[in-house]
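There are structures below to look over.
Each of the two complexes below includes subunit A, the first together with subunit B, the second together with subunit C.
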Partner chain A sequence: MKNKLFRISFQRRKIIAGYLFCLPFLIGFALFFFYSFMQTLIFSFNELQLTPIGYELTFVGWSNYSYALNVHPSFPMDLAAEIGNLAVNVPLILAFSFFTAIILNQKFFGRLLARVIFFLPVILGAGIIFRLEQTDMITQLSLGAAKPGLVFSGTALQNLLLSTRLPEQFLQFIIDAVERIPLIVRASGIQILIFLAGLQSIPSSVYEAADVEGATAWESFWLITFPMLSPLILTAVVYTIIDSFTSADNELVSMIRSTAFTSQGFGVSTAMAVLYFIVIAAVLGLVLQVVSKWVYYQE
Partner chain B sequence: MKGKSFVIGVLRAVFIIGVAYIILQPLLTKLSSSFMTISDMFDQTVKWLPRTFTLQHYKDAWGFMNYPIAFRNTFSLTLAVSILQLASCTLVGYGLGRFKFKGGKIIFAMVIFTLIVPPQMLMVPMYLNFRYFDIYGLLPPPGLNLLNSVWPFILISITGVGLRNGLFIYIMRQFFRGMPKDLEDAAYVDGAGLLRTFLTIMLPSAVPGLVIVFLFAFVWQWNDYFYTTLFMGGQGKFLTHALDNIAVKAVEGRTDLLRTHYSSLISNTGMILFILPLLILFALMQRYFIESIERTGIIG
Partner chain C sequence: MKLSIREKKVTRSAGGDTIVFILLVIGGTFMALPMVYTISQAFKPMNELFIWPPRFFVRNPTMANFYDLFLLMEDSWVPITRYLFNTLVITAFGTCGHVLMASLAAYALAKHKFPGRGVYFNIIVFSLMFAWHVTAIPNYLIMSHIGWVDTYLAIVAPAWAMPLGLYLMKQFMEQIPNPLLEAARIDGAGEFKIFWSIVMPNVKPAWLTLIILSFQSMWGETGARFIYTEELKPLPYALNQIVSGGIARAGTGAAVTVLMMLIPIIIFIINQSKVVQTMGSAGIDK
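For the complex of A and B:
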């Protein structure tokens, strides 16, 4: 009887503790995030005029939205292009970082150095350096004048591929994929880190047990490594999508930002931001639905 | 069997060296050009090693960036912000990862929600909010002006809604969630309270996650241009602003033909100065990181 009472109160305490641990975020969400988010929604239906003592709103209905979708020269097309780009990049980034993490988890000479180098893009790929490089003379010269931004633009590979007489679309896809390599590598640093930390957390006893049972390396990969890493695959997918949608290098994000300070004004900019947000939420919701189905948790 | 592992070793080496080249090439280009004179830049025979070695660009870039002051401002803000974000995001991640309570799923959905909203979307409300900060009318109008102070950064960091904090909460939640339940139960059976279990059992096992989150928070705050501009104004107090202006400052008052070359050299040198502290931190953390992930591998 006494034991049962203790258990109930312990469960109660656990529930209260759960809320307490989350409290900082709840405050931040209510005070800073949600408040600003609602204001953005309100602004998107208004025309905002800055005055010396604050700002004034004039209700304009849906006109900001219809401007963004129907009148703006490039917004709908840029949005579609962004999604297409994402559909190609996300699988490539995930496959590359997963593969790389497995390699960096093996024992070989110079592993520490290799790890240090592979995580460098986390620092080097960050916003301002990337932005300055786009217009920097030395960077562009060093990459070859023919196709700035691409390391693998050499014609040797293209000639080799064209001589194989495979269908042209297929070759174009290969060439495109190869040209994306530097971008993929640069965008993968964090995903490699996530996967590597996950690999390290799988106890070696599990592999030893599988080995004793006669499992091949292939089997233990698909039956141990893959399911054990699946929560982190979800993390990496979510991260990759969000990173490419919200990074400051993103052309759409900078367009939304610059629209705020041009003649079209802040109303149109917020309307674009809201539309963009809806697209992000839809893509992410879809991916979460699909991927969470086969995520395995140790519970 | 031996031949097979040799082939794998060679393929691995080719892969690693190839990717390492892609990653290091831009960095090495910057580094080598930062020591070059302008005439070396034109000289087709000069490839990586400068013929006339010079430190002049470092002296110039140092001055243009006002490096000591910009470094001090950036470093202190970044350190404070990343420690606060680490603390708040670990707490929330633990709450979401290890406790089952009504609304937990909703709170997690809220975390994801903060993540998928580009910060640029909340730009103007945030600005106005901190310009006339009154905590929903608790303070008399016009409220406090928190702009040009560190308060906006501190407030959004301790409450876990700063730059990409949703991701940090998510990472910590996944880490705590992936831990075996036996670990926690053993502590409870031994009579440890909830807080003590968290501090002495769960937290030390989550060190890889903590290191990752701290490193990310630090790197992103260091590179942050958006929030420092929004809350502090673009007054060149931080390294990002200093680096952004360096090319303009380098050509100020110059009309000669070589001014664009000079500004590119200075800009590349500035980028080296900008990332050098991050590289040092990274080198230090890397060792610790490798050690810590291997240690938990054994405990696991």
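For the complex of A and C:
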């Protein structure tokens, strides 16, 4: 009896601790994310008019949504194109960052330098530096000439490939893939870091045990490294999808943002935002469902 | 010692190593070229900056661009050190707060079972998908309602509640075996003690990564949406102003870019060398 009582209080203590640990985050989250989202949802069913003292809302029902889907010249097509693009890029980014992380986790001369180089795109592509590069016209112009991607996507490679007389669709696919290389390499910085952190979290004793049991490198990769990293593959998938859907240079996001300040108004813009959100949620939900099945969690 | 055994296991044959090395060099070139170009641009004298066709490398390197930049900084209305101070405050508080709060919440979500946990986590995953650009206007309304517009808090506080860090930390903390925590509990450690001296050291690679992530976004914060007092504006805002002087500032702009890049790179190097040092001792050896 006494034992049981103790157990209940212990459980309850754990529950309370759980809530307490979550509390600071929850407050900030409710304030800055959840409330904003609800507000956006409300705006999308209304027409917003600015008045001298603030703003006024007039309820218009689904008309903002039907405008975005039926009247807007490019929104539905852009949305579809975005998803198609994602379907090609995400597997490529993941594969690239996964294997790069495994290489960068090995000991070799100049490893830190290599890691810095592979993290550079994140620094170069983020916030202020990205904007600085954009404001600098000359840099832009000459970067166009010096863009590393052009070395490969230039006519030299295409001519070489065309001279092989392979089927045209196949060649088109290869040329497409090659043109994506710079893009994929540039979008992989954070994923590489996530995988690196994951590799470093695998206790070395597991490998030692496998070694003692006589496992080969190939076996310990597929039976230790891969399952232990699988939760992070999920994380990286989520990050990649979010990153490409919500980054500042995403065309759809900037279109939604600029729509707010055109004649179509804030209501249409928020309706688009909500539709966009639903699409991302659907894509992510689907991916999570599929990938979660392969994830291994250590007990 | 443990480390060396593990490294040996993963390493491939000499032929494989060569292929890997070649791949690394190719991939690395893609990434390093834009930076090499920016750096060489910063050291170009005026006549080389505008030469056509543009040259990739600088021929007669000069410090003139940096000199110009410091002259411009001296002329600014608010001293440049004030901008720097603002950025440092925002970056330090934003990053530390985010890492701490995200880790606390992630620990509870990963290792405690309490009612509402599933719903809470799902809400966070959903909120990951919402671009902040889109909620910018409601966000501003909230800030003005609590009276945080024109304070550091308007930038720092939302950064604390960014859902991505929580998600990342949770994934890592789930990897910690439960028996380890149970053992600590039996030995009489309180929840916070477990969090601080068992969970956090074991996920060190995770929060070092999170620091880089968070630093990266805070460092580039211009604060243009929330901060209107000149004395409170962060450094990127001031540097943006200097660069937007037009084509005559092309060289200064490149100098600014190099300076702004340098700090995240240094942080990254320090950070990553820490990871290497702790690898051996962080094992969950049970």
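Note that in this section the second predicted complex is superposed on the first by the 264 of 299 C-alpha atoms of A that agree within 3 Å, B and C clash if a C-alpha of one lies under 4 Å from a C-alpha of the other, contacts with A are read in each partner's own complex, and residues count from 1 in each chain.
One rule holds for everything that comes next: contacts are C-beta pairs under 8 Å (C-beta built on N, C-alpha and C of every residue); 3 or more make two chains touch, one makes a residue touch a chain.
All values reported here derive from a predicted model rather than from experimental measurement.
Once both complexes are superposed on subunit A, the partners subunit B and subunit C clash. Of the two partner chains, subunit C is the only one that A:207 touches; subunit B does not reach it. In the superposition on chain A, A:43 makes contact with both subunit B and subunit C. Of the two partner chains, neither subunit B nor subunit C is touched by A:290. Legend: residue contacts after superposition of the two complexes on their common chain; A:71 is shown touching neither subunit B nor subunit C.
In the superposed model, A:95 lies in contact with neither subunit B nor subunit C. When the two complexes are overlaid on their common chain A, residue A:217 makes contact with subunit C while staying clear of subunit B. Contacts of A:123 after superposition: both subunit B and subunit C are touched. With both structures placed on the common chain, the touch criterion links A:15 to subunit B and to subunit C. When both complexes are aligned on chain A by C-alpha atoms, subunit A residues 14-15, 17-22, 24-29, 31-33, 35-37, 39-40, 43, 100, 103, 106, 108, 112, 114-124, 126-129, 132-133, 136-139, 142, 181-182, 185-186, 190, 193-194, 196-198, 200-201, 203-204, 231-232, 234-235, 238-239, 242, 245-246, 248, 253, 256-257, 260, 266, 270, 273, 276-277, 280-281, 284, 297-299 touch subunit B in the first and subunit C in the second. Interface residues of subunit A facing subunit C in the complex, by the touch rule stated above, are 14-15, 17-22, 24-29, 31-37, 39-40, 43, 96, 100, 102-103, 105-108, 112, 114-124, 126-129, 131-133, 135-139, 141-143, 145-146, 148-149, 181-182, 185-186, 190, 193-194, 196-198, 200-201, 203-205, 207-208, 210-211, 217, 220-221, 225, 228, 231-232, 234-235, 238-239, 242, 245-246, 248, 250, 253-254, 256-257, 260, 266, 270, 273, 276-277, 280-281, 284, 288, 297-299. Of all residues in subunit B, those touching subunit A in their complex are 9, 12, 15-16, 19-20, 22-27, 29-30, 33, 41, 88, 91-92, 94-96, 99-104, 107, 110-112, 114-126, 128-129, 132, 135, 155-156, 158-161, 167, 169-171, 174, 177-181, 188, 194-195, 208-209, 212, 215-216, 219-220, 222-226, 240, 243-244, 247, 260-261, 264-265, 267-268, 271, 274-275, 278-279, 282-283, 286, 290, 293-294, 296-297, 300. Residue ranges on subunit C touching subunit A, taken from their complex, read 2-3, 5-7, 9-12, 20-21, 23-24, 27-35, 37-38, 41, 49-50, 53-54, 56, 101-102, 104-105, 107-109, 112-115, 117, 120, 123-139, 141-142, 157-158, 160-161, 163-164, 166-168, 171-172, 174-175, 177-178, 191, 195, 202-203, 205-206, 208-209, 212-213, 216-217, 219-222, 236, 239-240, 243-244, 247, 250, 253-254, 256-257, 260-261, 264-265, 268-269, 272-273, 275-276, 279-280, 282-285. Listed in rising order, the residues of subunit A touching subunit B in the complex are 10, 13-15, 17-22, 24-29, 31-33, 35-37, 39-40, 43, 48, 54-55, 100, 103, 106, 108, 110, 112, 114-124, 126-129, 132-133, 136-139, 142, 151, 181-182, 185-186, 190, 193-194, 196-198, 200-204, 231-232, 234-235, 238-239, 242, 245-246, 248, 253, 256-257, 260, 266, 270, 273-274, 276-277, 280-281, 284, 297-299.
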